[in-house]
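Alright, structures below, take your time with them.
Two complexes follow with chain A in common, the first pairing it with chain B and the second with chain C.
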Partner chain A sequence: MNTSDSEEDSYNERSALVQCESPTIPSYHQDHDMSLPQETDTKRGRPVSSGLDEPGLVERERAATPDGEEEELTLKYGAKHVIMLFIPVTLCMVVVVATIKSVSFYTEKTSQQLIYTPFKEDPNSVGQRLLYSLLNTIVMISVIVVMTIILVVLYKYRCYKFIHGWLILSSLMLLFWFSFMYLGEVFKTYNVAMDYPTLAMIIWNFGVVGMICIHWKGPLRLQQAYLIVISALMALIFIKYLPEWSAWVILAAISIYDLIAVLCPKGPLRMLVETAQERNEPIFPALIYSSAMVWMVGMADSNNPDSADERQRNEGGALAQEGVESEDDVALGGRRRCSAEEDLEEDRGVKLGLGDFIFYSVLVGKAAANGGDWNTTLACFVAILIGLCLTLLLLAIFKKALPALPISITFGLVFYFSTDNLVRPFMDSLAAHQYYI
Partner chain B sequence: MTLAVFFGCAFIAFGPSFALFVFTIAKDPLRVIILIAGAFFWLLSLLLSSLVWFIAIKASNSQDLTLQRGLLIFGVFFSVLLQEVFRFAYYRLLRKATEGLAAISDDDGSAISVRQMAYVAGLGFGIMSGAFSMINILSDSLGPGTVGIFGDSQYYFITAALMTLALTLLHTFWGVVFFEGCEKSRWWVIAAVVSLHLLVAGLSLLNPLYEGSLPPVYVITLATGVWAFFSSGGSLHSLSALCTLCGFESRASRTMTEVPLSKTPNPQPLPGRRSMWLPTAPGVCSRQES
Partner chain C sequence: MNLERIPNEEKLSLCRRYYLGGFAFLPFLWLVNVLWFFREAFLKPTYTEQLQIKSYVKKSALGLIVWVAVLTTWITIFQHFRAQWGEVGDYLSFTIPLGTA
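== the complex of A and B ==
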C-alpha cells in the first residue's frame, strides 16, 4: 500500500536564498523556489537561489559612511547574513538528527513507499537496485518539473487564490497530521502515557498557532521556529519513506535540476522570477524562512504597527490577488518610511526557502541514520555549512541569482561517501589503538 | 559507563574549547565562519590522509597484523604532515582574504587581524580534531558495556578525554604560532610546529602506556601555550596586570584599562587611560584613576 497523496502536500516548500528587498532599489534579483501547487499530487519544494541586494546595501550606506568602509560593512553584513542562516539550518539539522537517533520509527524501513518512488529496491541485486533508484529519481524529478511548470503557469495567469489554497492545505497537513504522528512516535519511544483529550488539545493549539504564525501574523521568532519545525517534519518523512539508494540519487538530481532551473534562460524558476519582477511583487512570501529583523527597531512609533503588519503579512504570504497588490504598495511605502528613518540599523535580513532546509536535513539525517557513526554526521554538517557559506560568497561576488542547493549538496554527498568509506575505518583503527593524529 | 562517564569525559574533552567558543567567537559572525572553515580544512586533510591509508591497506595483505599496524603508524604520521600542509594552505587563504579587505578599506585595519584569525583557525582545527577523536567514544560510553574486558586498560575513556583536550589546546596554540611564523617568515617556527605535532602523535603511539604519553603531552601543551602567549604579543607585564585585577564584581566602570586575556592577541591597553588597582582588603579592590 502506498502512502496517500496527502502526505506529499507538504512538499510545497521552496528553497531559496533571498534578501529582503530594499525599496530604494528599483530592480533587484530575487530568486525563490516554488511550491508546486497540487492537484492530485504533492507539491515539491524547489531549491532556488537568491540574490543579495548588494547595490542596495552599498547605496544606502554610501550616504553615511566613507567610501572605504563600504566593503568592510558589506563583508560584515555578509558574515552576519551567513550566520543568520547558519543558525536555523543548524537547528533544523539538530532536530532531525536528534529525532533519528532517539525515535526508531523514522529509521524503520517499511514496505510503504511514496507514490513518487514507485519502484521497490531489491536489496539483493546491485544492478537492479541502481536501475530502480534511477527510475525512481526520474519519476520524482519529472513530477517536480511538471509541478513547477504548473506553478509558473498559474502564477502567470494570476490564479493566486488557487496557489494560496494549496499552500494552506499543505501547511494544515504538516502542522496537524505530521506533528500528531511525530508526537505519537515520541511518546511511544519514551513510554509516556497520554490520553486523547490532552493530545487533541496540544495538537490543536500547536496547529492553529502555527497556521496563524505562518500565514498571517505572529512574532518573528515563533514563525521562524514553526518553519524550522515543519521543515524538520518534512525531512523526517522523506528520510523514512524514500528508499535508500533512491534518496541519494534524488538528492544529486535535485541539485542538478536546481542548477538548470535557475541558471538557464528558459528555466521555470528564472521565468517565475522575471514575472515577479515585471509585476514588482514580492515572490511567494509563504514558506520562506525569513530572518529579517532589526530594521524594525528604532522606527517611529506610528510606523511600527503598519510596518510590522506589512512585513509579517508579506512573510505570511497572503496571496489573494487583491491582497498581494495592495499589501505590496503599503509594504513598499512602509519600508520606504522605515528605511529612511533608520540610519543606524542595518539589516534587511535574509530569506531562505524551506526546500533548502529540508534537503540539507535529509542529507544529514540519512548520514545519521546509517550506521550510527557520528563522524559522518559531523562531516556532512560541516560540509553543508561550508557550501552555504560559499554560495553566499558567490552571490556577493556575482550579484546574480544562484541556486542554493548544488554546492552544499555536492559537498555533503562527497563528504558523506568518503567519510563513511574512508575516514571511518581509519578513525576506528586509530581509536582502537588510541593513536592520536 | 553511563551518564557520569559520558558527561565527565565530554566536559573534560570539550569544556575549554566550548568556553573559548562561547566567550571569544560566538558573538562575531566573521570568526564563526573562519572557525567552521578551519574545521573544514582539517576535515579535508583527514579525508586525503584516510584515502592514502585506505589505498595502502587495500594494496597490502590484510592478514599480516604487524604490517597493518605499521601502515597505521605510517597513516598517523602522514596525516600529521597533511594537517600541517592544510594549515599552511588555510593561512594562505586567510591572508588573501585579509589582503583583499585591506586593499579595499581606507583605514589600516580590516575587520579582523591576522592574529585573531590565527587563533580562530587553530581553534577550528582543534575542535574538529577533538570532535572526530572523541564523539564516537562518547556515544559508546552512554551504552552498556565493560571497559577493558579483553585485557585492555580500564582508563580508556578518561585518557581519551584528556588526550583530546590536550590536542584541542595544542591545535589552538599551534595555529597562533604557525601563523605568526608565516607572517614573519620564520621558517624554523613552522618546522618546530611540525616536529612538535609529530612528537605528540608519536607519543600517543605509546598508548596504553599512559604514563609515557599523557604527562609529556601535557608538558608540551603547557610549553606551547606559553610560547603562543609570548608569540602573540603577551608579556609578563600584561600577565601581572591580569593577576592584580582582583574581584570579578568590580567591573563598575568602563574606563578601566583593558586587560588582555592571554589567548586573545590584542594586548595593547587603551592609550591615555590608566587606572591603578589598589587592593585594600582581601577580595576588595578600590580603584584610583590617574
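== the complex of A and C ==
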C-alpha cells in the first residue's frame, strides 16, 4: 500500500490522538461514578434524620452509616466495571488475533514503513537493529508528544471546530479506507469473488452508519461495536507497518509516556482531563469507549428544586455539543452530582480511551503473529486483563484519571518475553519426549 | 444513547431523520432504525408520537426488504454469471478468485 502524506497525517493524528487521549481517558471518569454511592448514602441518611427528634440520634444515625457500606458499594460498582471493560477489550483482541491468524496480509512484512519510523531495521546486525529501533521510537514518541500538545492547546483555546474537523477526517479515513483494505484482504484470503457495486454498497453503509453512530446519535451497542472495530483496524495497521523490534520498544515507551502525561501535574493529558472537567464538558467523541447505560429516571420524577434547573442545563449541554452517548453521560454525570433522588440503579459506567484498546490489541496481535504459538498469545491476553483489573482497582482507590497502559503493557511484555523464551521451549521438549504434566 | 431518557419529540425526530437518511442508498440505516425503534413503536404503551414512529418504522422495514431483495438478486446473478461475462465480469470484479476459469 502506498500511503500518501495526507493519509499519513490524518492517520498519524488519529493515532496520536487516540494514543494520547486514550491514555488520558482510559483513565476512567469514575469520579462521577464514585460520587454516586456517596450521594446515595447521604441521601439515605437525610430522610432518616429528618424523622428523628433528637439531634443526638441524628448524628449517630449519620455516623452509623458506616464507611463499610460505602466501601461495599464502591467495590460492587468496581467489580461491575471490570466486567464491563473486559468484554470490549476481549472482543477487540479476539478480532485482531482472528484476523492475524487467518489473513496473511497483516503478517507479511513489506519494505514500506510509516514515515514515523523512518529507520529501516537491518536484520543482520543486532546492535544496529537495536539502535535503529530506539531511534524509531524516539521519532514516534516525539510526534505523539507534539500532537498531544497541539491538541491540548487547541482545546484550551476553544478551537472546537478545528478539533472536530480533525476527528471527523480521521474517523472517515478509518471507517472507509482501512475497512476497504481490510475487506479486500479478507476476500482475497477466502477466495471470494466480489464485485464493485456490492462492495461500494457495503463500504458506504458501514462507513456512513459508523460516522453517524460515533459522531452523532446512535444506539449505544452499535456505537460500542464501531469503536471496537475501528480500534481493531488501527491495531492491525500498526502490526503490519511497524518494524519488529521498534514495535516492542514503542509499546514500552508509550506506557512510560502515558504514565508521565497523565500523572504529572503539567502533563498534557492531565491538563486536558482537568480542563474538560472544569468546563463540565465531555472529552471528544470518537476517542473514548463508554460502557455506560445511563438513564435519568430519577430526574424526571424528583421533587428536587434543582431538577428543573439541571434538566435545562442537561438539554443545553446535549444540544450545544452534538451529543454522543459518552458526551451525554459526562455532561449528565457532572450535573448529577448535585441531584437529589437518583435511582440507585443508575450506573455511570467507565470510560476507556481507544488508544488503550489499540495498544492492548497490538501487543496481543504481535504475540499471535510471531511464531503462532497459542501459549504466548493466551499468556499475553491474560496478562493484559490482569493489568486492567489492577488499574481499575487503583482507580477505585484513587478516584481520579489514571493511565491504563502502564500496568497492562508491562505485564504483557514480561509475559510475552518470558513465555516465548522460557515456557515455549519447555513445552516443546515436553511434547517431543511425550511427557505430560 | 439511551432512548429512555430523551423526550418523545426528540425520539420522533430521531426516527424521522434515520428514515430520511436511509434514502441515500443506506439500507443499513433503515435496519438500525427498525431494530432500535421497534420496542418504542410496538411494545410500549401508547403516547402521542407513537403513531408516527410506528409509521416510520414500518416504512423503513419496507425499504429494507426492497433493498435486500435487490441486492440478493444482483449478487446471485453476478456470482452465477461472472465467469461467462468475460471482460465485463472482470471489469466489475473487485477480487477475482484464483483457480477458476
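We take it that the second predicted complex is superposed on the first by the 316 of 437 C-alpha atoms of A that agree within 3 Å, B and C clash if a C-alpha of one lies under 4 Å from a C-alpha of the other, contacts with A are read in each partner's own complex, and residues count from 1 in each chain.
Simple rule for what comes next: a residue touches a chain if its C-beta (ideal position, glycine included) is under 8 Å from a C-beta of that chain, and two chains touch if they have at least 3 such contacts.
Bear in mind that the values here come from a model prediction, so they are computed numbers and not experimental data.
*Asks:* Look at A:Ala79 in the shared chain and tell me whether it touches chain B only, chain C only, both, or neither; answer first, second, both or neither.
*Replies:* So A:Ala79 only meets chain B here.
*Asks:* Touching A:Glu278, do we find chain B (first), chain C (second), both, or neither?
*Replies:* neither
*Asks:* Which partner chains sit in contact with A:Val208 here, chain B, chain C, both or neither? Use first/second/both/neither.
*Replies:* A:Val208 contacts chain C only, not chain B.
*Asks:* Kindly classify A:Leu199 by the partners it touches after superposition: chain B alone (first), chain C alone (second), both, or neither?
*Replies:* The answer is second: A:Leu199 touches chain C but not chain B.
*Asks:* Just chain B (first), just chain C (second), both, or neither: which does A:Pro219 touch?
*Replies:* A:Pro219 contacts chain C only, not chain B.
*Asks:* For A:Glu108, select first, second, both or neither according to whether it touches chain B, chain C, the two together, or no partner.
*Replies:* neither
*Asks:* Could you list which residues of chain A make contact with chain B in one structure and with chain C in the other?
*Replies:* none
*Asks:* Spell out the residues on chain C that touch chain A in their complex, using ranges where they run on.
*Replies:* It is residues 1-2, 4-5, 14, 21, 24-29, 32, 35-36, 71, 74-75, 78-79, 82, 92-99 of chain C that touch chain A.
*Asks:* Would you mind writing out the residues of chain A in touch with chain C in their complex?
*Replies:* Contacts found on chain A: 184, 187-188, 191-199, 201, 204-206, 208-209, 212, 217-220, 222-223, 293-297, 299-300, 323-325, 328.
*Asks:* Once bound in the complex, which stretches of chain A touch chain B?
*Replies:* Its residues touching chain B are 66-69, 71-72, 75-76, 79-80, 82-83, 86, 372-375, 378-379, 382-383, 385-386, 389, 415, 418-419, 421-423, 425-431, 433-437.
*Asks:* Using the touch rule from the top, collect the residues of chain B that touch chain A in their complex.
*Replies:* Against chain A, the touching part of chain B is residues 29-30, 32-33, 36-37, 39-40, 43, 46-47, 49-51, 53-54, 57, 69, 72-73, 75-76, 79-80, 83, 101, 104-107, 110-111, 128-129, 131-133, 135-137, 139, 156, 159-160, 163-164, 167, 200-201, 204-205, 207-208.
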